[in-house]
Every structure is written in structure tokens, then in C-alpha cells.
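Okay, so chain A shows up in both of these, paired with chain B first and chain C after.
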Partner chain A sequence: MSAVEDPRTDVAGGTDGADGSVTFGLTVDGTAHEVTARWDESLLTVLRDRLGVRGPKTGCAHGRCGACAVKADLGDGGHVLCACLVPAATAAGGTVETIASISGPDGALSDVQEAFLAEGAVQCGICTSGFVTAATELLETNPDPTRPEIEAALYGNLCRCTGYGRIVAAVETAARTRRAATR
Partner chain B sequence: MFANMATGGIGASVRRPDGPAKVRGEFSYAGDLTAEGMLIGVTVRSPHPHARILGIDTTAARAMDGVHAVLTVDDVPGDRHFGLVLRDEPVLADGVVRYAGEPVAVVAAVDAATARRAARAVEVTYEVLPALTDPQLALTAASIHPDGNVYRHVSYSCGDPDARGVVTVENTYRIGMQDPAFLAPEAGLARPTPDGGVAIEVATQWLHSDQKQIGWATGLPPEKVHVSLAGVGGAFGGREDVTLQTHACLLALATGRPVKIEYTREESFLAHRQRHPGTIWLRHSADADGRIVSVEGRVLLDGGAYASTSPVVITNTVTLLQGPYRVDNGRFEGWSVRTNNPSCGAMRGFGVPQAAFAHEAQLDALAAALDLDPVEVRLTNALQRGDVATFGQRFDAPTPVREVIEGLRAIPLPTGPAKLPGGVGRAAEGGTVRRGVGWAVTMKNLAFSEGHVDESTAEVSLRDGHATVHTACAEVGQGFVTVAEQVARTVLGATTVEVVQPDTLVASAGSTSASRQTMASGTAVYRACLAVRDRLLGRVARAHGLDAATLTVADGVVCAAGRPLGPVATAAPGQTFRATEHFQHPATHPLGSAEGGMYVAFGFSAMRAVVDVDVELGLVSVVQVASCQDVGTVVNPVQLRGQIEGGIVQGMGLALMEEVVVADGLITNPDFQDYLIPTIVDVPEVVSTYVTDPEPGMPHGWKGVGEPPLVTAVPVVAAAVRAATGLPLPAVPIKPEHIALGIGAAPTVTWTTPRPADPDRPRGAVIDEEPHDAPGTMAEEGAPSG
Partner chain C sequence: MLLEAPRFALPETLGEALAARAERPEAVVVAGGTEVMPDLLWRNRTAAGFLSLRRVAALRGTTTDGGELVIGAGTPVAALTTAPDGGLRAAASSLGTPLVRTEATIGGNVVSALPYRNLLPTLLAGGATLELTSATGTRVVPFDGFVTAPGVTGLREGELLTAVRMPVHVGFADYAKVGRRNAQFVATVSAAVVSRDGVARLAFGNAGPTPLRSDAVDTAATALLDGRATPEDLRATVAAAVDPPEDTVASAEYRRHALGVLAVRLVTRAAVDAGLGS
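== the complex of A and B ==
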């Protein structure tokens, strides 16, 4: 063993391939996968190109646009992050929920998705997966967000079409709908 | 109009038909495309803004396992050149590279990693040449292209340009290079077809333009080049030119396999066309009550390495320097020139934001010099129906400039404190924060101009109440799919509508640009729906022994002499009715033509911005933008509001933060870390009101709305920051240092001896063949560089 321990041996259930690849388990939207990927591949690349999970989108691939936002539990309780910034192997043994997990089990739209449609928060839609993912996370932790709280939760997501006004309106509408439903 | 609300027709806030798939993350974008046996294409790009290519060695790249093709210009079977307006751009570099990022070779391999390795293994030997990066020098520098360094020179006058009022103000304004920054990078998937042709699914704005240019390079006739629209993640003009389309097709033909190309964000910055950066000198002379006596203007736009739409954009900028004001006397001149900077072309506003930024600063300077209210000066000069433009065209449609200004004035100012300037990036306590209020009014031409044919075709069918609409109009996010559905519901009474994914099996719809698709493709759909409806009603009339002339469709019901006969859905069971209809706007003509006007139509917009500025840190918070826009008949209120808000925020981006920084021909900020677009924290409250005069000649009186909000937002935000700081700020984006250090020269104000216009001078536009002046003289006239 060399002085610096190879961190890959710590990967939960992970095994190294001869070609620099690594094999590990990953649960995506409730389905368990065994993934073999290069060590340097991002979670986004693994989701989109290896598993065919196309809900998270590629906007910048450097963590600035949020189009690839997913909710990931990497042993830390789970939170929304940019899948493009996470080396996939560090998610080994973890759980990822993409936009596909947000609709109801019967395929019904969630209150957030419904509000995005009703308020006109969708134009080209390439940012929508990320916004719906981040807004859903916000409302789960804060059912009655103020405008500054909405901004703080969503400033990691860029939208080039809407100017954000309809997106703020959609989050406010979804929050109202959810509060009314749980009253 | 209101009857249609219930049935999802025109006037209702109908939801996007593609919306459910988009909120579920299931909508397929170009970047999501995949195919069995697909290869990945990667582009080898020049690192130099100007160099001679001494040799390209592809041996090592070709020898790599998994590499199926490496193509250079010698592998282009057809015409080596392409371009939207002039065919001056090589498909792959042909002996010389003229901008950093220019494609030199393309590679196809089994996966992205192999393709990238192979691209790095292509050895290109360059002899670096001096780069021409200063547009002021382009006229006098040695030509960097066989076609010369000037894309177009425009010069004309009207009335007596030397007429003067009591005051004359002049300044030089600069506008930075803006990136369309659509969020989905360019992507497309090409496949060889069994007939020896090629098919490509691609995120584009203009399918038939792509088809034509792919045909040139591949040598294939149009019927063997099939283009279909893949899901588009924003466009804003940046997808009007060909980027990867031809490369993907050449690779598919060379390998016999499907080939996908998807750009990285950095490549996207390098490959697509930017908004033209420009320098504009303007001199306005006015009488004591602020009425404009004469305007003189000169424009220099940096078109970058290849023409794209530079010859067209310059005319927009020069002719619209007058703004939405009556100007009887003037002299206007402009150049768009070639440099070794990134190529510029279409971006939302198409040359007009540059003009608007300059003319609105001038109106404020006039008002300040004369101690008049800036709104009153604008009202005094507002264009009215029947006025004649400096370029000779009569405004013969509603010209509601006064109305948009008055509509705006009725909106109350915001009260109370707002968040501190600086957003989430703010690290310091507030210094001195000052509030400013600015006004701006603009005019934007709608649809193609100057003789470029503006047309579209729609195929519509109806069976048992289900309508199918097929056009080649690219849906890029703006919501044409919703408009087409609304038209089919209103005219046909259709219960369900399918808008078919656009392709080249139907005739051209032109580009999704110039605020034109509701007017062009919307009208084609309207006409095709009318024809289908008439066929349905003819059938119903024969079946019931009625006179077809007495039959109508209202709210999905066939009526005879106004009395309900039965639902459209059951009016002719199992019968399919079809029609194909074409629409073309009345012809337009080049600047100076005696035959008619340059432009199809105009949209007018007025805005008021309220900003808070931390004058020590130079940070700006835009608190509110109020807008009143001339929008014709409202087709879909929610989508309209989306266009207004989105346009305002893009314009605010250009005013305050967005600039592609080019140093020695190299883009220094080709990513979203360093090229900043507005976030949700940066955006203002938007109050949006409308003037809804129906546009003559358009069904229901609709008109284009997409560009005016951006055009007006640029000058209005700048005006508000000037009002808050008292600084002249003659350049956008307004950077923190411009505010904190007071960079930028104030307008020169000269008290002049009034000189009435010579009545013998011709009123219309007179074209000047020779330049009045050289663009280089603008360098000494005020604005900060860069």
C-alpha cells in the first residue's frame, strides 16, 4: 500500500476495472442499477448517457445553470445539487431522484408542475426540470416562502426565456395550493 | 373573442401543448437524441483568430481505434462555402482561419471520449497572421477575405440635414457584444438515407435555410436533404445560422452511420453568432420646445469574421436611429465590417437595441439641455400615423406612440424599500443607495425587410373534430405551437389539435425570428383552417340540403343561419378534409427604392425603469420595469406576458452585465461562470400593459411582440441608472467601474443659431453612394472603449 491510500477502495460496493473504470450500485428514481463508468464521469453523464435518464438536462456542465438539478442522497440525507458537478462514483450506493420522481405514482402532475403550466413558467423548457426539482425541494422545507426565500432557493437555476416572473408566480401558486390542500 | 375563452381559442391563456412533457422532463430536446449504431462527432477548432494553415495531418487521428472519419475541407464534396446572406464562410477552414474557434476538421468516432482524443490528435500547422480586431481599422487595413472587409455601407439623407434648432446635442455610444446564451447547447443527429441522401434532426430556427446550405456542401439536391426539428432549448437568433448541421451530415454520409454532434457550452460561445457590438455617433438638433429639427448619425458594427446577417443588421440600425419620433431632416450612415473577431449575426432585436440605446440617450440629453420633462419631449416628437420615416416609408398602419407613452404614465411608481443592490453576491454593507427613474420609447420593424421574401405555408386536416397542423415553423420556446392550436380551435371548431413537428416535407416557413411567426405562419395556418372549414361546411350543406353560405362554425358547433346544427366533431363522420395554404406579406423593397417601403410592419414600446444604485460600489438593482407595448390583438395573454418579461430581462442583461469579452480576437469568458446572465435575484417586478390596435391585414389583427421588450429594456435601464447617478454612461453594459469611477463622456451641448430647413431639399430618402465620413473619426468622440 502506498503512502496515500487510494480513495476508490472506500467506494461502497465499488470495484475497480482494469481500464480505470469503476463499478458501483446507484438507485435512480426507485430503480437499482449497477453502473460501470470511468472514474472521472459526472453523475449527469452516467444518468443521461449510461442509464438513459434524460430528465436532467445539460446546459453548461459547469454547475452554473441548474438544468441538471437532481435530488441526491449521498449518505447525507439528500438535497438538490447539480449532477454535472458530482463525480458519479462518489454517489456509489446512493439514491438519486430526478424530475421523473416528482409526478404522482399514477403519473399525475405534482402541484408544482401544475402551477408551472398554469402560470406560463415554461417556454423552451430546457431549464424546467431543474426549476421544478429545486422548487419542489423548497416547498418541502418551507411551505410558505417569501419572495426573497424563493429567490434564494432558485438563484442557482438559470432561465433565458421567461425572465423568471412566471416562475416566481408558479412557486407562489404551488405553495398556496399545497397549503390549501393540507389545511 | 370572449366566446373563445371557453374553447381555448384566440384570446385565451391556453396552456402550451408541449408543457406537460416539459414539466415532467420527458420532452425530447436535440441533446437527448440517440440512435442505434450512433457515432459522436467532434469539431477541431482554430486556436488563432487569424492564421494560414500550412498543413493538416489526420493520419494519427484516422489510425485510432473507434475512429470512423476525419474530414477536412478537401472532403467537402459540394460547394466549400456557405452563409445566410453572402456565401463567404468555409464549411471547414480552407487554407486560412479568420476567427478563434473556426472549424478546421470534424471527427466521428464510437463515443465522445474517443472522438475528443481523435480531435486532439489532428495535427494542424498554422502560420499565425496579425489579427484585425479593431473594426475602426477594417476599412483601411489589408483585406482579410477575398470579398473585402466591408459587409455593407449604408448612407442616405432626407430633407435638409443641416437644419438646426436652438440646441444641438451629440455623443458617441458603445454597445457590447451579447451572446444569445440559449440554455441548450447546439445539438443535432444526422443519418444517411437509403436514397443516398441525408436526414438531420436538429435544434434550429430555420429548417429550409439549413436544408439549402447542407445541400450546397454535400452536393445533394434539396429533395435528398431532409431536415426536421428536434426539441429546441431557446434560440433568440443564435440558431439562425448553420453551425453543426453541415458537419453532422457530411460525417453521416462519409461513415454510413448516424452521427450526433452536441456542443459544449464553450463551443456554443465560439460557434454561434453574437449580437453585433457597435459604436454609434448621434447629433440631434431641436427647437426650444424640444421638437427635433434634424438628426445625424453614424454607425459602425463589428460583424466579425464572416458575413452572416451583417449586411442586413446594419440597415436596421441605421434606418431606426430616428426612433419612434418624427424626423424630417437627417443624414444617416453606417458600416458593418469584417474583422478577426467572433462572427456576429442575428440576435433578438437585430440591430435595433443598438440604435435604441443611442437615440434614447439623446432624447434625454435634449430634455436635460432644454430643462424639459423627458416624457414631454417624447410626446412632442412622437410619430403619428401618416408621418413619413427618414427612409421614405409612410406609417400607414396604427402608429400608437403617444398611446404607449400615455399608457405607461398611468402606471403608479413603486413605493417602499427594495432589496439592496448586489443580490446574493453582495458582501459589503450598503453605502449610498440612490433611486433613479428612466424612460424609453422605441420602434422595432417586424418581419423580414428590404425585399427578403417573408412567407409561410400550412397544411391542415380535420377529421371528426381532430385537426392536424403542419408547418415548417420552428418552435423554439416562444409558443407558436399554442398559437397554431388556438387558431385551429377558433376557425375550425376543432376539439383536439395536433401540431406536427416541423420538417422540410412542407414548404418553407422562413426563420423563427424578426417577431414574425404569428404573422407569417399563424396567418398561413389561419388561411388553411378557413379552407378546411369551407370544405367541411360544403359537405354539411350538401348532406342537409342547405346553402353553404348560411353555415358557420362557432365554439365547435356548426350553425345554420346562426342556429346550432351539431358539433363539428360529428358533422361528417369519418371524412377527412385537407387544405394547404400559403401566406406572403406584401413585398418590401431595398432602402431608397422608389417602388415601396422597406418594412412590413412596426411595433412600438414604452418603458419606465426604477433602479436603486449603490454609487460607491457601482451596483445596480432594477426595482421595477413598467411597460406599455403596441401588441395588436392579444392572442394568448399568458404567453404575451412571457415574451414581455423575458425580453425585458434579456435587455436588462445587455444593459448591466452581459458582454462577450474579446481580447486579441479571443473570447475570454465563454462560460456561465464569467459571462453573466440575469438570475432570479436580479430581475425586477414587471408591470405590463398594452395598446391593442389591430394590425391591418392580419387575421384578428395580431402582430409580432417578441423583440420590442428587449429593444426598449436596454435604453430604459441605462436611463434610470443615469438618473440615479447623474453620470452620462454612454456605453452598455454599464459596469460597476463605470459608475464608481464615473467613466464615460457626457454629451456635447451646443447652443446653435436656428437654421430652417431648405425647402428645396427633397423630403424622401436620398441614397448617397460615397461615404460622407470615415468610421475612424468616431474613436475620438467620447465613449469609453471596451
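== the complex of A and C ==
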């Protein structure tokens, strides 16, 4: 666990022992956990630092970059959100699906992940799980997105390597592949 | 209660939420967390605990009641991007990112009450009212006057904002903002318009310490709408009516100028819309 990653460690809730802690159930990628965390901790730090789930990445930690995007069901059916913005205990009894749920249980890549590889849409990789998560959500609701629709859906994900062109191309390729497979 | 810890309450019903509000006056009420979590991270605020409204299903969703849209305070901004009101749609669609809009709520936007919040000019121009609920009942107050200073509202101890009521306008409504870049930006200044039956009503964000509108501006806007005045007239009236802040983002002079530009832009759109006969 890294103090640098979450500077709140020494402010409110950090040192008051039992009074500052919350304990709740959380299912992550199909595995049920009982989590004990500080009351003000984010879902992202619980996933990464408490549960060792390292698919979602810590980028900006304030909802701008989308590197921490996960699909979470907080009792409302579930959607993709920034795990860094969710107070972790808010998800009590809920379920989270990270990038690990998008790939197969044996590590087999999904069609979106294959398209990211094929199109060269991955460079340093820190943004990739967030992009794949957002793109997968897009294709589930819109199997034939236009380029502006892809750009709008990925507006909350930042990449500082690729210039986005290869990423948009990868989503177009994944959409084409998926439509061909289901035809 | 889904979860009850000394420093975290997670109610599932409005009754539980109101009880927790009364029992925990020091707790920060959090809905989507999109403002509170970064504030804690950056130490812009301290908190003694959370009262999370995120799991109170009764606060989420939009219904219509007579001529009004009744938007539950916990309704995510994402749901407003398809609202029947053009101003709400535009303000919601330009808030944060898609991944933020699924969690950010209209209630959080209103109660956080900062001058640059997206939805506030739209609510002021549209004549919105607010349902404020406590253990003793619900009162309905106009949004106009609810924000008394940046971040300060007329919400009383033990009260929660439970719904925003917005008259459904037959006419034109829109919102526009300018910022320091073209993506993921906070409003340096913003403006909203509602126009119907030949009358225009404008409201502004970051034009003063609280959301701002004025009868003089609406008179000038209506005159521009029906061709009795020029854009310069409206810009001059706006410049005289606003009292924008001076800060590291922009000068008061820049904001005064930009507010006039936005006012003319929105009234021009309303005029074009009226000309098209909608």
C-alpha cells in the first residue's frame, strides 16, 4: 500500500481506529469479499490496495482521466463509472466488474482487446483498461457507432501516447468484428 | 440502513436518510461523490463523516406533475442529457465526462452551489422550484434566492433537497458556457435562456457570487428577440447588470464581456428557433 497514492491517509479517518472504519461486502469479478476500509476511502483504493485488484489504474484520481473505469452495480443495474470518485462503502453489497471480467477466465482477450492490439491502440498502457471498459460498454448499447459517437463515449478517457486515432480505429474494428460474428 | 458505522451512514429509504441527517449534523451529505471525493483528496475540505444518499432509490428518477418535470435530487446528470428541456440537456451534456455524469447528481450540483455549476443558470432561467424535506414535512421554495453565497444555500438543519421541479416550457431553452479549453472544462462564465411567446428570460453563472438574472436584462433580451434592439444594446445591459468575480481564471472585465457575448448568442439562437416556427 502506498501513502503517495492516497494522501488522505493522515487526515480525517486515518488514525481513529475502529471508529473510522467501515466493514461491508463487495463482489469483485465474481469473488465475494468482506472489506474493512477507512470511511472516506475511494472504491479505487479499496480495489487496488485492499483487494489487490490492479486492473483499474490510478491516474488523475479525480474523475478526469478514466483510467480507473469499472462497471459497478450499486443497486441500480450497473454502469461504467470512475472508481476514484465513489466512496467505497457506498458500494456495500454491490458488484464490481473490472477489466478482468472483460477478458475470459483463462486470460483470453475479448474482441475489443484483440482490436486494440491489432490496431496498435496501446502504447504505455496505463489508460488501456479504462478505454477497453468504456468501449465495451458502448458496443453493448450501440453495436454500430459512428466515429463521433465513439469519440463522445470515450470523452472521459484520456490517453497521452496515441493521439486517440488508433483507439477510435480499434473500437471501429471491434464493432465490425462483433457485427460480423453475430450476423 | 444498508450500512451504519460511526462515520458512515448508507440509508436505503428517505425516512432513514432524514433520521441519519438529524442524528449526524456534522456528516457531509454525499450523493455521487464527484465533488466531495476530489475535495477531500486535495484537502479543500475536511469531513467528520459521510451520509451517502447514493442508495436511496426514491430520490432517483424523473416524473411529470401537471406542467412540471419533477426531478429526484439523486437523479444522475446522465439522465438529464435526454431531458425534454433544451437548457437542461445542454447544461447536463457539457458537465464533466460520461463517466462522471453517471454518478454526479442534480441535487449535488444545486446544493454545492458554486457559481460555475452547470445546471444553476438553467434552473434560474427556467423558474425552477426546490422540494426541501425534513422530518416535519416538505416545503417548496423558488430556486431564485436559494443560493445566498458561493457554496451557501437556504437549506436548514435537518433538511435534504429531495427534488427539483422544472416547469415544462413550450418554447426554446438553451445553455452555453465558455472556459479555458474546449474539453472537460469548468465554466469561466455561463448563461441560459428560456424564450416563449416572444419573451426571453436569461440567467448567468459566475456573473456574481450567486446565480444571477435581472429584469433589465430580460427586457433588453426580449427587445433583441423581436428586433427592437441591437446586440450592442443587450451587451451593454448585461455589462451593467453583472458583478463577476476577478480571479486567476479570468478578469472581471473578461467575464463581463464574455457574458454579453453568451447572452447575444443565446437570444440569437432563440430568434432563429422562433423563425423556424417551433
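We adopt the following convention: the second predicted complex is superposed on the first by the 164 of 183 C-alpha atoms of A that agree within 3 Å, B and C clash if a C-alpha of one lies under 4 Å from a C-alpha of the other, contacts with A are read in each partner's own complex, and residues count from 1 in each chain.
Convention: a residue touches a chain if its C-beta (ideal position, glycine included) is under 8 Å from a C-beta of that chain, and two chains touch if they have at least 3 such contacts.
The structure presented is a predicted model; accordingly, all values stated were derived computationally and were not measured.
Undergrad: By the touch definition at the top of the document, which applies to A:174: first (chain B), second (chain C), both, or neither?
TA: neither
Undergrad: After lining up the shared chain so the two structures overlap, which partner does A:96 touch, if you call chain B first and chain C second: first, second, both or neither?
TA: Neither partner.
Undergrad: Which holds for A:47: it touches chain B only (first), chain C only (second), both, or neither?
TA: neither
Undergrad: May I ask you to decide whether A:28 touches chain B, chain C, both, or neither, giving the answer as first, second, both or neither?
TA: neither
Undergrad: Where does A:39 make contact in the superposed view: on chain B (first), on chain C (second), on both, or on neither?
TA: In the superposed model, A:39 contacts chain C only, not chain B.
Undergrad: Determine, under the contact definition given at the top, whether A:58 touches first (chain B), second (chain C), both, or neither.
TA: first
Undergrad: Per the contact definition in the header, classify A:84: touching chain B only (first), chain C only (second), both, or neither.
TA: second
Undergrad: A:74 contacts which: chain B (first), chain C (second), both, neither?
TA: It touches chain C, and chain B stays clear.
Undergrad: By residue count, is chain A touched more by chain B or by chain C?
TA: Ranking chain B and chain C by residues of chain A touched puts B first.
Undergrad: Check the residue A:135 against both partner chains and state whether it touches chain B (first), chain C (second), both, or neither.
TA: The answer is neither, since A:135 touches no partner chain.
Undergrad: Can you pull the chain A residues that chain B and chain C both touch?
TA: Residues common to the chain A contacts of chain C and of chain B are 61-62, 64, 152, 155, 157, listed in rising order.
Undergrad: Can you list the chain C residues touching chain A in their complex?
TA: 2-3, 5-8, 10, 30, 32-34, 36-38, 40-43, 46-50, 52, 54-55, 57, 60, 96-100, 102-103, 183-184
Undergrad: Would you mind writing out the residues of chain B in touch with chain A in their complex?
TA: For this pair, the touching residues of chain B are 13, 15-16, 18-20, 22-29, 31-32, 34, 112-113, 181-185, 232-236, 262, 264-265, 419, 423-424, 476-479, 638-639, 641-642, 645-650, 671-673, 677-681, 683, 685-686.
Undergrad: In the complex formed with chain C, which residues of chain A make contact?
TA: 6-8, 11-13, 18-24, 39-40, 42, 61-64, 66, 69, 74-76, 79-82, 84-87, 89-90, 92-93, 134, 152-153, 155-157
Undergrad: For a test of understanding, state which residues of chain A touch chain B in their complex under the given definition.
TA: 38, 48-49, 52, 54-62, 64-65, 67, 98-100, 102-103, 109, 113, 116-120, 122-129, 132, 148, 150-152, 154-155, 157-168
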